[in-house]
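Structures are listed in the sections that come next.
Shared chain: subunit A. Partners: subunit B in the first complex, subunit C in the second.
Moving on, here comes the complex of A and B:
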């Protein structure tokens, strides 16, 4: 009976995807909590996996429901932060903030920091001032091998001085213009061995700790593919508020804040183009700090962020140099904004086979051209009405593109490059 | 027992089905489906690859995608999905020639910046899995500013069905070490073996002789990894080194039409360019033993990974990993490694600063690539080993001493080859060899030989040698019979004679 429910859930989520083309509803920004004072609680709850399983999880939240991962805390450089922390888990827990100079008061003194007792009986207050901008992580500082696996982890973004959400010309990840961006996205990588979670649910903590770790679920922002492509705060995922769909226009700079919040490495590969890694662990890759900009940045098409580490990368895509006009123009047509003038009006180089010789992808628009939809066979779901260019972004240890035994899924999402005529809302 | 019977039944079914399917394919092609390669001529009148010729910039390849067999280094026959090279085969013959024609790794694609590649992909079907109707695709991993149409991701594009051909087009404008693989059902098709090497040579190779690259003088034949503009990525010889690995349980499940163990996937054969050690150093094309399955044996592993160079040369190793499960750390014992590129880009900053670094190991996850230069100028001639330091993968499944390892042979650039041996009338013998320019030669004979005093006392033969001025020298010795040493013209005096060249 239970299995049937899961199946219905899985079908429902697939169906929902078919109803709502993901690029129409996904969020082109990083959602989180902004401010200087936060009330966080650790709670138990459940999450849905990509193939319809349910896993018992512990997570940080600012609301009545557990969430996974914890709320993304969006802070300002130089502004002191206070986090009041309570604990509704069956065991003591805490928060550590690597890269921050934290003062903890209240609760009980633990090995790494002050801990809150189970049952919400006391409160720990963590205060710190983020002195430098960048991408950070927070997680449990108590019984970490078990508690971080259980889900007690989240992201921190520190805005640099001068950042103003209302003024796109100030959208920098760091103090330097080398980190200017048009859109920013969070890629928080985790994995899970669901047997540990079952044992913890039964209170068998020592058995859970002793297990020979063998993850079978891999996540971006707390969701498995294909759920990663649904929008933030989607009602199907009440405890997994953050999606992972990436959107941009040709020529845009996309800031990727990649965090490895798990224990294994994941080779994250971006189809479409290389990216440039401009910072590691919230430190700009610069030869003269504060002066040179990201002159030590490294270009790559796959990156393995160290466990507990963060990387900031700028992804840029223009479609230049294809050798054919990606808009399908005739030479006399007016050019698109940012189009490669050398390719303007150049004919498509090959003959496309007949429909019956082809298998059509759900996100294929029916034409090779950006913004031009074409014929699709009957029964095609037509998820790409705007005729965007879709690119898979995923763990290239391909085993991690699976939800337990079901392909496809796992640590995977999509980038869609939308034609300029389709706006991207922030 | 029950399972065995089941497998036997499937195999009998296959032996009936395969000829049937071949018959069907030959006689009952559905309307429209046909092998159709596109090889348009280069008529633009512009030389884009820098060789001065205007009509040779189009490159045509024809790959087949289907299934087949390879043998692992312990001899085990392994079912696989793979690509084969159908380039040059007439379209009408491709199905017949290429069914079960998978190679591992996939044929290496080596092209030059400025060329335009027409890559025809014909899906020849999976002969041993007639229940599957999988399309296949080509993903050029790392192609800059790619268009989804030619990117091979099945969700975002169209993919080719059995018995038909899809032509991929690549306008190649960036050099570097890439890789290619099928992206359909990616976890399955890649674990099954649809992966290969792909790299692009830079235009800088085509510079005019005596061109100064920031002071580095280019000469004809000089080769570079990237357009570095200063010669810093120069190399003499290059070798693609692709890491891959197979889980035999997954492959057996595929062959036997069983559920595929995605969650339990665990690689047991760790390989370099599709072979485990010691097959990696076997220069021969390896044939599979598909006759064990009632099929024809075929050449299925053409690529060896024996790395050879002369002392003093720079070796470029084009590393990539298309392993689907693990990270691998790889080292070269005894030769310093310099990382000069990653992700098909040079490690050179926007301001031209070198971010190269020396190391003793590199670690690669799936989909990662690194360019490594081995500078052999301070390396003694001999045999060196390249292997994974994840020692548990130095095995071919249960057979120890194998897996992800190969050899690097550094040859003496000035071998002490005997040009002639003349027995003189006075009883002496004259040995003539090539000069060793800029080198001092000391010859001692190896232990175990009981020499006459005069041969043994040659600690400084330079004193006795006669330099002829034509690049050779002779040395005349009395009282020795060189035949006792087993020496004859053409022999190279090697380490067994403890020749020390300094």
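Moving on, here comes the complex of A and C:
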């Protein structure tokens, strides 16, 4: 009977996702904390999983409430950073910043770095200067086998010199134009074995460690599908502020900052088109560093980022190769912005049956054409008001597309290609 | 010169010609290895029976220590030929293969046709050495391992590293052409599932027995250079500030590992003994089973750097800290 309840909850959750149709308030920036000085605290809290479970989690936060993952720190290349860290967990903890040259003061010396004592009794200060732009990661440097699992992970983005959020022509991930983008998204991958979290909540750390690790939850930005498709800071998820819905217009370049904050490999797969990996561990893939641009970039449709590592990829989509005009143009119509000219005016290859001969999915707009909302039968929820194209992006380790054995869920989200008439805000 | 020395000189000349005419021993390196059983002590009073190799001076000797991973087999820069003379003191047949190096392979099959050994076997208790030869050893880092019943024998511990540099200059050299280093260390990842080892030791491994195969493999111990981490372990000296230090990462375990060095980034210069055209600067990496990666680090500050497995195999049978932490010390 428990399973039935979960199924109902999963369905309810899916409906909740649809009610808050995300693309109508399309918000495509990576939210996080900008600046050079941060006060972070490790706290305990709970998160909600896609099928409605509640898991005890440890996370970094800049506020009074635990969050998972920790705040995305958005830094500027060359600007020194100070992180004042306190610990409200029941055990000592710390932060490490791979790829950064960190000085740690305060607290007590741990195996990897300085650790803050439990109960908020002391403070550790981590200082470093990000010397190069790119996508980085931070996580616990204390008892990592337990603490990374418990949720002590977060993302770091370092903006290159000359980056100005107000000037889209400066939106580069790296110093080179090969990293120019129109929208950027964070894909931070993790997994959890909830039995460990239950035991930790009871203070049974040794028992938690003795478990044969078997994760059953997989996350993008701290949420399972379908919750990944809800907005950042959605009120249903007070401790999981970051969504994972990817939105773009045809012809846009989408920067994916993919981070593997977990311990397993998650083969992240994009439907719709290949992406081009332009950087790994915040190093542009170039034959002559600083000179040649991303000439060693790799076109691929699935990537397994090393645990503890990052990759940046550019995803581009025009509808190229469809073989029909996705706008439903006649040959004499003017082209749309970003349209692939090869298919301009080519007819849709199927005679669309009469309405009474069709079954309508909830996300069908009423027409096969981008941005063209057609007639829908009475009672249809009309969830795809903008008439976008949806592509599932997910871990291609198929078992990772569930929430504790319930499909769909897990490490999965959607790309929605929106017509240019629907703005994507930053 | 007095004439009475002439016959001596002629004799010496003839001898030197004869010496040159003999098979050129100087172009090859040879090792006598003894495959044998060893009991390894793990934290918590756990003793695990492993199979490993000992380095001997000659066939039949038993003065070497059986270790796991086995002895580092160094092929000098000027040598192309590696020969291993194997003495098998294990209770069953074994053999040696080196993935990535070419050799004439003569597989041995079971009566039903399935391959038992990838190449010729050394019987248990052999009375004369069985030789394994590789004639074209390229610079790089390789794993030698058993080529017999690898599902059982590899996880029992029959593996070690073969390394060769393009050129050598004291403790440094070029690992590949134009890839310089000042000092080097092998960082060898391996794992132990004690349940399988106990079954093998008690002759309870095999068809119809307690453990029938490695299908239920669940490693509980995660080792670097043959040792799990324990509190208080000393740091491994790897070199000094200003030096380029070559770390040869090797994974003979069954799982993928992800070595990271806290506070340092690595320059990955090669994989499986093949140099990258464009080395990759990384702070993360994956090291799958049977993979080798050569990486360079260049610490600018003296001190202790902790290498760890970001797959988080960092416990000793559930007790932390343990597993794949390794302290590296860099002096001034």
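Just so it is clear, the second predicted complex is superposed on the first by the 393 of 426 C-alpha atoms of A that agree within 3 Å, B and C clash if a C-alpha of one lies under 4 Å from a C-alpha of the other, contacts with A are read in each partner's own complex, and residues count from 1 in each chain.
Keep this in mind: a residue touches a chain if its C-beta (ideal position, glycine included) is under 8 Å from a C-beta of that chain, and two chains touch if they have at least 3 such contacts.
Since we're looking at a predicted model, the values are computed, not measured.
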Touched partner set for A:111, first subunit B, second subunit C, both or neither: second
Subunit B versus subunit C as contact partner of A:122, first or second or both or neither: neither
Touching partner for A:216 - first (subunit B), second (subunit C), both, neither: first
Partner chain(s) touched by A:145 [first = subunit B, second = subunit C, both, neither]: second
Which superposed partner A:287 touches (first subunit B, second subunit C, both, neither): both
Partner chain(s) touched by A:101 [first = subunit B, second = subunit C, both, neither]: second
Touched partner set for A:353, first subunit B, second subunit C, both or neither: first
Winner by number of subunit A residues touched, once subunit B and subunit C are compared: B
Those residues of subunit A which subunit B touches in one complex and subunit C touches in the other: 265, 287, 296, 304
Parts of subunit A lying in touch with subunit B, wherever the complex brings them together: 216, 265-267, 269, 271-274, 287, 295-302, 304, 317-324, 326, 349-354, 356-364, 368, 389-392, 395-399, 401-402, 404-408, 414
Contacting residues of subunit C [partner subunit A, same complex]: 218, 256, 258, 260, 262-263, 265, 278, 280-286, 306, 308, 310-315, 317-321, 323, 325
Residue ranges of subunit B touching subunit A (in the complex, touch as defined): 30-33, 36, 38, 40, 116, 118, 135, 139, 141-142, 144-149, 151, 153-161, 164-169, 171, 173, 183, 185-188, 190-191, 259-263, 265, 323-327, 342-345, 347, 349-351, 353, 355, 363, 365-369
Parts of subunit A lying in touch with subunit C, wherever the complex brings them together: 96, 98-99, 101-102, 111-113, 141, 143-146, 148-149, 206, 209-212, 260, 263-265, 280-281, 283, 287, 296, 304-310
